[in-house]
Amino acid sequence: MTAPCSLTEIGWEEFRALPPDHKAVYLQAGAREYHVLLAQQFSRERLDALGRLATRIRRIAKADEGRRYLRDLLAGRRAMLYFTQPSSRTFLSFCAACQILGMDIGEVRDTAVSSEFKGESQEDSVRTFSSYFDLIIMRSQIGGLAERMAWVLSNTDRPVPIINAGSGKDQHPTQALLDVYTLQRSFERRGGPDGKTIVFVGDLARGRTVRSLSWLLTRYRDVTQIFVAPPELQIGEDVLGWLQQAGVQYERTNDMAACLPRADAVYMTRIQDEWDAAGESRRIPTEAFHFARRHLDLLKPDAVVMHPFPRRQEIAPDVDSDPRAVYWRQMRNGMWIRAALIASVFGKDTAIEASHVLDA
Amino acid sequence: MTAPCSLTEIGWEEFRALPPDHKAVYLQAGAREYHVLLAQQFSRERLDALGRLATRIRRIAKADEGRRYLRDLLAGRRAMLYFTQPSSRTFLSFCAACQILGMDIGEVRDTAVSSEFKGESQEDSVRTFSSYFDLIIMRSQIGGLAERMAWVLSNTDRPVPIINAGSGKDQHPTQALLDVYTLQRSFERRGGPDGKTIVFVGDLARGRTVRSLSWLLTRYRDVTQIFVAPPELQIGEDVLGWLQQAGVQYERTNDMAACLPRADAVYMTRIQDEWDAAGESRRIPTEAFHFARRHLDLLKPDAVVMHPFPRRQEIAPDVDSDPRAVYWRQMRNGMWIRAALIASVFGKDTAIEASHVLDA
Amino acid sequence: MTAPCSLTEIGWEEFRALPPDHKAVYLQAGAREYHVLLAQQFSRERLDALGRLATRIRRIAKADEGRRYLRDLLAGRRAMLYFTQPSSRTFLSFCAACQILGMDIGEVRDTAVSSEFKGESQEDSVRTFSSYFDLIIMRSQIGGLAERMAWVLSNTDRPVPIINAGSGKDQHPTQALLDVYTLQRSFERRGGPDGKTIVFVGDLARGRTVRSLSWLLTRYRDVTQIFVAPPELQIGEDVLGWLQQAGVQYERTNDMAACLPRADAVYMTRIQDEWDAAGESRRIPTEAFHFARRHLDLLKPDAVVMHPFPRRQEIAPDVDSDPRAVYWRQMRNGMWIRAALIASVFGKDTAIEASHVLDA
C-alpha cells in the first residue's frame, strides 16, 4: 500500500521546516484531507463542504434507519485514540464520531501502561499500535508528534491517516472546525460567516483555540474580528500579522460591553492559568471579561454566545437558558463535524451525499 | 426536544425536598421509567413487567439470530458510563446490558482525566459529556448528583435519561431490581415472591442493598422479612418504620441457624467496614453470621442463598456447588434486568414482547 | 451447560501437577482448543490449520463486504480482557482480533478499581466478571492463574473459555503462535518452517517468548536452532533438554555475525532487565548482540528479521526499511492469528473456510 498523500516525496527535516500553509499540500489526498494536522489545510470550499456533510450526517442520524445506514459505512474499520494528553471531552467527542460511522475503537491513554516504560521509543509505540488500526486520532503534549508520525507512517508500506486532536501549544484543528461549523449553523439563514463581526473575549494570548479560529476566519469575506482582553492577555502580534496580511479588519480593546452591540458572535474563553509560570494570572483583574445575564440585553436578538469549554466564571450559569447561548450545541457540533471529517478521510462523503436514506 | 417526564414542571429545590415516593412520579414517562433514580419508582406491576421482559431478552439471547435481533434494537444509540465511584462489577454489568441491545459505550471513570481539574463544575462536565450520548448511567460518591443531573438535563433542550448506578449511601435501584428479579426467577413455579420468607444476614445497618430490597419487597403480598445481625449492625429503625407502615411482618434476631429452616431465601451480606470511623467492625464478633456448608442441611430443598457480592468469609466456597446457591446466577440476572430496563427506557419493550424471533 | 473440555474429569491438584504436554488434552474440545493456555496444546496440524485460517481471515478483511461478513460471525458475543499485568500491545492486538469478529469488549485493567480492594478473592472476581462474558482473555503476573480459572469455570454450570495472554514468567502461547505464523507466511513459497535455520539473539535466559517459540518449532521437521547470547543470558538447560529429546539440531554461540549468513530467520530480543535483582544486566556487554544496517549485507536475500517488540537498541531504526525486516508485519500477524484462534474456539472456523465471501 502506498500513502495517498505526498509525504512520501519529501524528507522529514525538509517537511518539518516548512511553514504551516506550505505543509498543507503534503497532507492531502486529492481535494480531501488524508492526514488532518493543521487548520491551514482547510480552504473555504472544504470548510463549506465539511459543514454541509456534517449537517447531512446530523439529519440522517435522527432516525433509526439513518443511524443504521451510518453505522454500516465504516463497519469493520478501527480507530485508535492515542490520548496521552488527557481530555475527556475531546476523547468522548471523537469516540462518538467514530461510533456514529460504525468504527470500532481502541485507546491508549496512559503511556505508563504502554511498553514505553520498557524503554521503547514513542515512535515505535505509535507505529506498533497503528498496526491494528485504520485511523489514528492523536492528542499529545509533544508539539509536532502528530506531524512526525504522519510522515513516518506515510513512508511505511502500511500508511494510516492521522487526525491531530491537539498537540502541544500549537494546533487543535478539529476544535477550529467545530467553531467554524457552529458559526455556519448559527448564520445558516443569514449568509454564513461572511460579513459578520466576531468578538473574542478573555485570555487571547494563550491556548490554541482562538488562534486557530481567527486564522480560519480569514477564509471568509469581510469578517471583522474584535479582541477583548486585559493588556497582559491580548492576542499575539503574530496573529495580527496574519490578519493584516489577509486584509482582515480587526480591533483590540479591553471594553467588552462596548463591543457587544456590534457582535454577531461573542466567543468567550477561560483564563488558561495552567500555562502560568508562577501564578501570574491571579494578579490580572478579569471580572470585566465575564459575561453576565445583564450582558444579554446588549446583544442583538440573532447574535450567539460561544465558549470552547471548560468554563469557570466567564459565563454565568443563568445565561445558559437564553436561546443565544449556543455553547452546548457547539459541543455537539464537534461530534458532527468530526464524523464528517472521518467519513471524508475514508472517502465516504460522496456516498453519504448521494444516499437516499433521508427520502424514506 | 422536550423531556418526556415532568421534571420540567417543578423547581429544583422543591423537587429535592420531596420524599422519595413523591419524587417518583416526576421521573416517569407515562407508565414507564424515564430517569431511573429510586427504588420507590417501581410498582408491583412494573417489577413484574420488567422481570418478564428480562426473561424474554435472556431467552432471545440464547441463539445467534436472537442476539442479532437484540443488537439491532438500539444500534446507533450511545450510553455514557459516568463511574466516578469505582465498581468493576456494576460497570461491566451495565456495559454488557448496553452491548446486548447494540448500544455503543463511552466511559468516564476518573474525574482527574476530565476537565474538572481545569476548574469546571461537575454539572458542566456531565452536561457536556451528555451532548455526545443518548443515555447516562451514573455512579457517584455524591449523594443526589444523579437526581440533580436528571433535573438539569430535563430542563435543557436536549434531555437525556439518567440511570442511577449507585449514589452516595442512599440509592442503588438496579441492585434492588436484580435482587427482586432473582427472587422472581427462583420462585417462578411457586407463585413468585408473594408469601415467602426472606432472611437477611450480616451487616444490615450500613450499605444500601438490604435497605432497597427490603423496601421493594413491600410491593409483594405476605412477605416475611427476618433480619439476622449482631446488635451493632441491625437494620435501621427507619426501615422498620416503613415495614410497619406497609403492614409487613418482620423479626429481628441474632440467631441465624434458628431462622434457616423457615427461609425461602437467605440474603447474606458482607461487613461493610469501609464505612467504619475507626475500625470498630473488627471488635464485633461476626462468625455466627457466616454461612457454612453445614447450614445447607438446615435449608428447605427449594430455598435459595443469595449474596450481592463481593463476599469475604460470609459464605464458604464449598457452598458454591450446591444448587441452592444462586449468587452467581444473581450476578448474571443483573445484566438481564438492566438490559430490560434500558430497553424499556427507550420504549423498545413492546417490540421485544411482540417479536417473533423466538418462534423460529 | 457443561464444559466441552475434560477439565470436569480431573481434580485441581491433580491437574496442576501434570507436566504441560499432559495438561494439553484436558483443554481441548475435540480437535480444537477450548481453553488456550499452553504452547504445548498445538500440534503441527493445528498450527498449520490456524495459520491457514488466519490468512483466510486476513484476505476476507480486505474488502468492505468481507469485513461485514466477519463482524457478523460473533456479533452479540462478549469478550472480557482481564489485563492486570499491563501491556498495551497485547491488549490492543486482542481487542482488534475480537472486533474483527464482531465481539463486544469489556475490560478490567486495574484491580484497584475492581472489588478486590473490598477483600474479595481474585477467583471470585474473575468468576463474577465472567458472568457477563462469553470469553475471557487473561494476562496476569500470577503464574497459573489462567489455568486455575480455566479449571474453576469448567466446573461451574456456566463454563467460559479462557485464553492466556501471558501469565507470570511461564507461558504466552499466542505470542508463540504469532511467531510461528510469521515464519509460515515468510516461508510460504519455500515449504514453510520445515528445514529452516532460526537464529535467536539477545537475552535468551529470561522472558517467555524465545522459550515458547523454540518449543513450538519442535513441531516442524529439520529446523536448526542457533542461540546467540552472552554467556550470562544464554538459553536455559531445560530448553536444550527438550530440543535434545525432540532430536532437534541446535548450537550455542556468542558470535552473531558468524551465524547470520546461514539464517533463514533472525529473531532479535531485548535485554529483559525488569527481571534483574540488582541491575546486573548493565554489567553485561551487549553491543555485540545488536543488529545494525551493516548486518543486512550478511543476510540471505530471502531471510527475515523478527523481533517481538518492544525494542531498544537491538535493531537500528535504519534497518526498518529493508524488506527483510518483517517485525512490523509480525505485530499485525498477531492480530490475525488471534482472530483465527478466537473464531476457532467458537467453532466458526469451518464456516469461514466454507464461505463464498471471497468469490464475489
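A few remarks follow.
Order of writing sets the chain letters: A, B and C. Residues in each chain are counted from 1.
One rule holds for everything that comes next: a contact is a pair of C-beta atoms (placed from the backbone, for glycine too) under 8 Å apart; a residue touches a chain by one contact, two chains touch by 3 or more.
These figures come from a predicted structure and were not determined experimentally.
Interface note: chain A and chain C, two copies of one sequence, contact each other through mostly non-matching residue numbers (shared numbers fall below half of all numbers used).
One rotation lays the C-alpha atoms of chain A on chain B, and its angle is 120 degrees to the nearest 5.
Averaging Cα coordinates per chain places chain A and chain C 40 Å apart.
For chain B, residues touching at least two other chains: there are none. On the side of chain C, the complex with chain B involves touching residues 72, 75-78, 80, 104, 106, 108, 112-116, 118-120, 124-125, 127-129, 131-133, 156, 158. The part of chain C that touches chain A in the complex is made up of residues 61, 64, 67-68, 70-71, 86-89, 92-93, 95-96, 99-100, 109, 270, 274, 309-312, 328, 331-332, 335.
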